[in-house]
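Quick notes on the structure that follows.
Chain IDs A, B, C and D follow the sequence of writing; residue 1 opens each chain.
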Amino acid sequence: MAIIDEQLPDLQVNIGNLLLKNPVLTASGTFGYGREYQAYVNLSNLGGIVVKGISLEPRPGNLPPRIVETACGMLNAIGLENVGLKRFIAEKMPFLRDCGTQVLANILGDSVEEYCILAERLSEIDGLAGLEVNISCPNVKMGGVAFGTNPQMAYELIAALRGRSHLPLIVKLSPNVTDITKIAQAVADAGCDAVSLINTLLGMAIDIRSRRPRLANIVGGLSGPAIKPVALRMVWQVAKAVKIPVIGIGGISSAEDAIEFLLAGATAIQVGTANFVNPQVSVEIVAGISQYLQESGEANVRNIIGSLVIS
Amino acid sequence: MLREIGRLIRRDLLTEDILRLTFIAPKIAAVADPGQFVMLRIGKSHDPLLRRPFSIHQTPGDNSIQLLIKVVGKGTQMLAEWSVGQDVDLVGPLGKGFRIEGPEPFCLVGGGMGIVPLLFLAKKVLQKFPLLRLPVFLGARSANELNFLAEGFNEPGVDLYIATDDGSLGSHGLITELLANQFGAKPGGLRVAACGPYPMLKSLAALCRRLDWPCEVSLETVMACGIGACLGCAVPKINQKGYAHICTDGPVFDAEDVRWR
Amino acid sequence: MAIIDEQLPDLQVNIGNLLLKNPVLTASGTFGYGREYQAYVNLSNLGGIVVKGISLEPRPGNLPPRIVETACGMLNAIGLENVGLKRFIAEKMPFLRDCGTQVLANILGDSVEEYCILAERLSEIDGLAGLEVNISCPNVKMGGVAFGTNPQMAYELIAALRGRSHLPLIVKLSPNVTDITKIAQAVADAGCDAVSLINTLLGMAIDIRSRRPRLANIVGGLSGPAIKPVALRMVWQVAKAVKIPVIGIGGISSAEDAIEFLLAGATAIQVGTANFVNPQVSVEIVAGISQYLQESGEANVRNIIGSLVIS
Amino acid sequence: MLREIGRLIRRDLLTEDILRLTFIAPKIAAVADPGQFVMLRIGKSHDPLLRRPFSIHQTPGDNSIQLLIKVVGKGTQMLAEWSVGQDVDLVGPLGKGFRIEGPEPFCLVGGGMGIVPLLFLAKKVLQKFPLLRLPVFLGARSANELNFLAEGFNEPGVDLYIATDDGSLGSHGLITELLANQFGAKPGGLRVAACGPYPMLKSLAALCRRLDWPCEVSLETVMACGIGACLGCAVPKINQKGYAHICTDGPVFDAEDVRWR
């Protein structure tokens, strides 16, 4: 089909079997269960929503303070507060099912078995387009992060999950490792459909007056623009190392940021902390990507994915 | 709950470190309730990154909102350098405000910057119940601080009680003591709505519990989103394992629901 | 001795045998060879100067562009441009010898042997107070970073160096690892006198117009306020894990920042990128620490080191 | 080479995106040479983090310096919002400026924002050699841009040659072509001092090499420190493996020393 000048670029991308209307998702833990942003954005303009991490049982989360701002970033130690699987299905899914975009559940367990039960149950219900397996939460003792730093454990977990769910499986990786491509490779070998990265960097802040950590949990996860260079580097490394799609996350606050990740090889991106700063940023990023493509004479977002020029 | 690009139309430096900002923001002004807050973006730079929460002080005129801001850190320092005419990125009105119910014995208690949202509440209450007498207890460190915070409460209907820590204005001592002295011995219930520093609210909650007065308190915390998405603004609930969230379940809570520490 | 109210706090700290008049050093690669800052600060007010990394032979460094600003940080890929050992001794040492503070040489080699020759030669000359062994430079192919990510290799390198130099040996660690305490432990076991951390986080930035990396080297090292939370967390972890002194580095831009690191367990700190923003910041930090101690009624900086309160 | 807290005393918006800022900064003004630059801190926030380099446009009066700034990104955008009276954190004067030698046939060539430092140079040269005739070649995209950049060159002694890419002022075409046309065929040497976009400087260097004219060019790059400490501002040197550093070895270089790419 000939490209007509005025035609809008095609923004669709595939993550395994999962078709997204555009490459912009919202990141787990930063967009609630979608409903919280309904007043600010037309959810159906998003490529997808990844909901707050879900565990088998409800979790109260960590003691406050849970949040502290840092230079161009923030530390959080929410501790995976969530309503648990049952209430998620009963209370959150009805709204999400009709919100007009793809919904992915982010899951987290203490053991392979717990992950498997979560995956199985969530695969039985209507309205979920995929699962994001969090093996990288730095804020809970048994937060899956053991799986996220050990390629062998990661492999075994994903291989087990693969047998229990027909849904697209995306594995969310931790940046707090020496070589992230090793973990990516392991979970790709285990049969997941995509990897998403990065989760937060482990950080800390101290109140010099009280001489106490600023977070009750002592350490927390660093997110926001501060981490973008690290995230982009890891996405570039992983995109070269694996054959499955990569979803880029980390400090994305504008269409320009998102495009950097696409050029580095990400098939889609997730917007996290920036939602707090500007609740409308996710849809502004969709529009900005479209405009960039038009200005560059590209009919299709897939043309720019991984198109970084290295001389 | 909406995002609105408002405009700063007035900027008054009340004391060395207290600032009054008035914004044109008709959509937010139209639906704001006393006790609700807005999240203000400080600038276009990524540092400071997060919006800052501020209570709505009042809605003068019908299309504007006014904030009263104390300079305590980086973000508020930058606000102090804003100039009239500039655009401001607001999200609001957010949270659950104070209850306004049938005419009943009702009083307000404010301490320090916690006085800010009470002016809006006093005005709304007196607008709804023009015949009500509304005792308002205001406390602060000194006359210097209190003068500006108490400005605006000189309305017909308000009975103003004042205390300062240093005795430079009104009674010498805590505002909760003044409240107990004035009303603690009187028969009949009194409903209390309060905002102020945590220790004040805690002792007020204890007082009200002892006297069996219903009491609402407005709490503060660091917030990232202000809209219930980040779960960062947790406050321990009483008789429950979990947490409430100040930005959506509050900032105004029944004092009985808070696990005071 | 009784503390007189007006008396200035004692700022002296020890790094092994090395006595510093205060805990504020300048970080390698951000303060040239000292002389560059002479017009801005009284060098003798500093605890010490760590000079730009030195290799056996001169190195031209990487192709430009070598620097790009990021949110609250910067990426650099200088590629260890330096004049080499011989010219360092001939051209830079005469000034440094008389600059009024402790001078440490930062060294980097491609092999154990190269590190050893550097250490030996530098131990023979006058005027050096210690050696900082860089096993963490992300910007040169053979930049020592292999030593910095492998505890066994790190151990062997430092054990070899220990036999070749009487100077205090400080090992500079890379943050780009899964568990920095393992490397710290290894080099402590090998007999070094202190560890310093962190070097830069590996990052990347892309120009979306040209679709090229912003650095000719593609990736570079992230420094500045953005990385402070990560650095502080690592310093806290390492200070708990090893018995030798820890020198904190990463995003320190003010006395408050420096004090956070001291509270977390750092015996001294290094100021890096902040020197570029404010060439006088290092001495301002010395003054700020002194003021904090006075306000806190502490007579001695050593009282606050590691005094973080955890409930 | 010093750090000075100056004060912004004047702010002129010359075009939509070109800004003229005048600072009181007596210490820097007293020692500045044409071709040198200052590193300006944008704000107290960490974003943008690094200082930005700007050439000294002139030193009007004796205790002030003037900059001419084009808004191209985040930092310069913020500069455009500065207000008169505010403090500014300057480091300077930095770098090696243009050579000013005995009276000799000498001309200046500037393109776009590269014209900025040439005004200072022209003034200094004519002050030192009042009888000299100084040909000044200025090029820009259009009249609109050039008008303001050329302002100030209407001094006795200056022979102004103008070219624009679109022909809206002066000759139509490149300023290097105009230079070649005017002086390329004349006998005798001409020393050239130039500042402008890289392609212009590159073709000028080629021209001068062909005509055997000495030529100095002022180069730009991203800088972190501006004082020779970070080694970030590398520029490949000719006939050598290593690099020169724009902030200390330059920004003004002999065109023959640069490895043009």
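As a convention for this text, a contact is a pair of C-beta atoms (placed from the backbone, for glycine too) under 8 Å apart; a residue touches a chain by one contact, two chains touch by 3 or more.
Here the structure is a predicted model, which means the values were calculated and not measured.
Student: Give me the set of chains touching chain B intersected with the set touching chain C.
Tutor: Touching chain B as well as chain C, we find A, D.
Student: Taking CA centroids for every chain, report which one is farthest away from chain B.
Tutor: So the farthest one, by centre of C-alpha atoms, is D.
Student: Count the C-beta contact pairs for A-B and for A-D, then tell me which is higher.
Tutor: By number of C-beta pairs in contact, A-B is the larger.
Student: Where the CA atoms of chain C average out and where those of chain D average out, how many Å apart are those spots?
Tutor: The mean C-alpha positions of chain C and chain D differ by 37 Å.
Student: From the C-alpha centre of chain A to that of chain D, how far is it in Å?
Tutor: Centre separation, chain A to chain D: 47 Å.
Student: Just how far, in Å, is the C-alpha centre of chain D from the one of chain B?
Tutor: 54
Student: Among the residues of chain D, which are close enough to touch at least two other chains?
Tutor: Within chain D, the residues that touch at least two other chains are 46-48.
Student: Return the residues of chain C touching two or more other chains; collapse runs of consecutive numbers into ranges.
Tutor: 71-73, 224-226, in rising order.
Student: Chain touch graph shape: choose line, ring, star, complete or other and state it.
Tutor: Here the contact pattern is complete, since every chain touches every other one.
Student: Hey, which residues of chain D end up touching chain B in the complex?
Tutor: On the chain D side, the touching residues are 43, 45-48, 74, 78, 83.
Student: Which stretch or stretches of chain B touch chain C in the complex?
Tutor: That would be residues 46-47 of chain B.
Student: In the complex, go through chain A and note every residue touching chain B.
Tutor: Of all residues in chain A, those touching chain B are 29-32, 36-37, 39-40, 52, 58, 60-69, 71-74, 76, 78, 81, 224-226, 253, 273, 275-280.
Student: In the complex of these two chains, what residues of chain C are touching chain A?
Tutor: My answer: residues 70-73, 75, 149, 176-178, 201-206, 208, 210-213, 218-219, 222, 224-230, 232-233, 236, 251, 256, 259-260, 263-264, 292, 304, 307-311.
Student: Mind pulling up the chain B residues that touch chain A in the complex?
Tutor: 1-3, 41, 46-51, 89, 91, 221-236, 241-243
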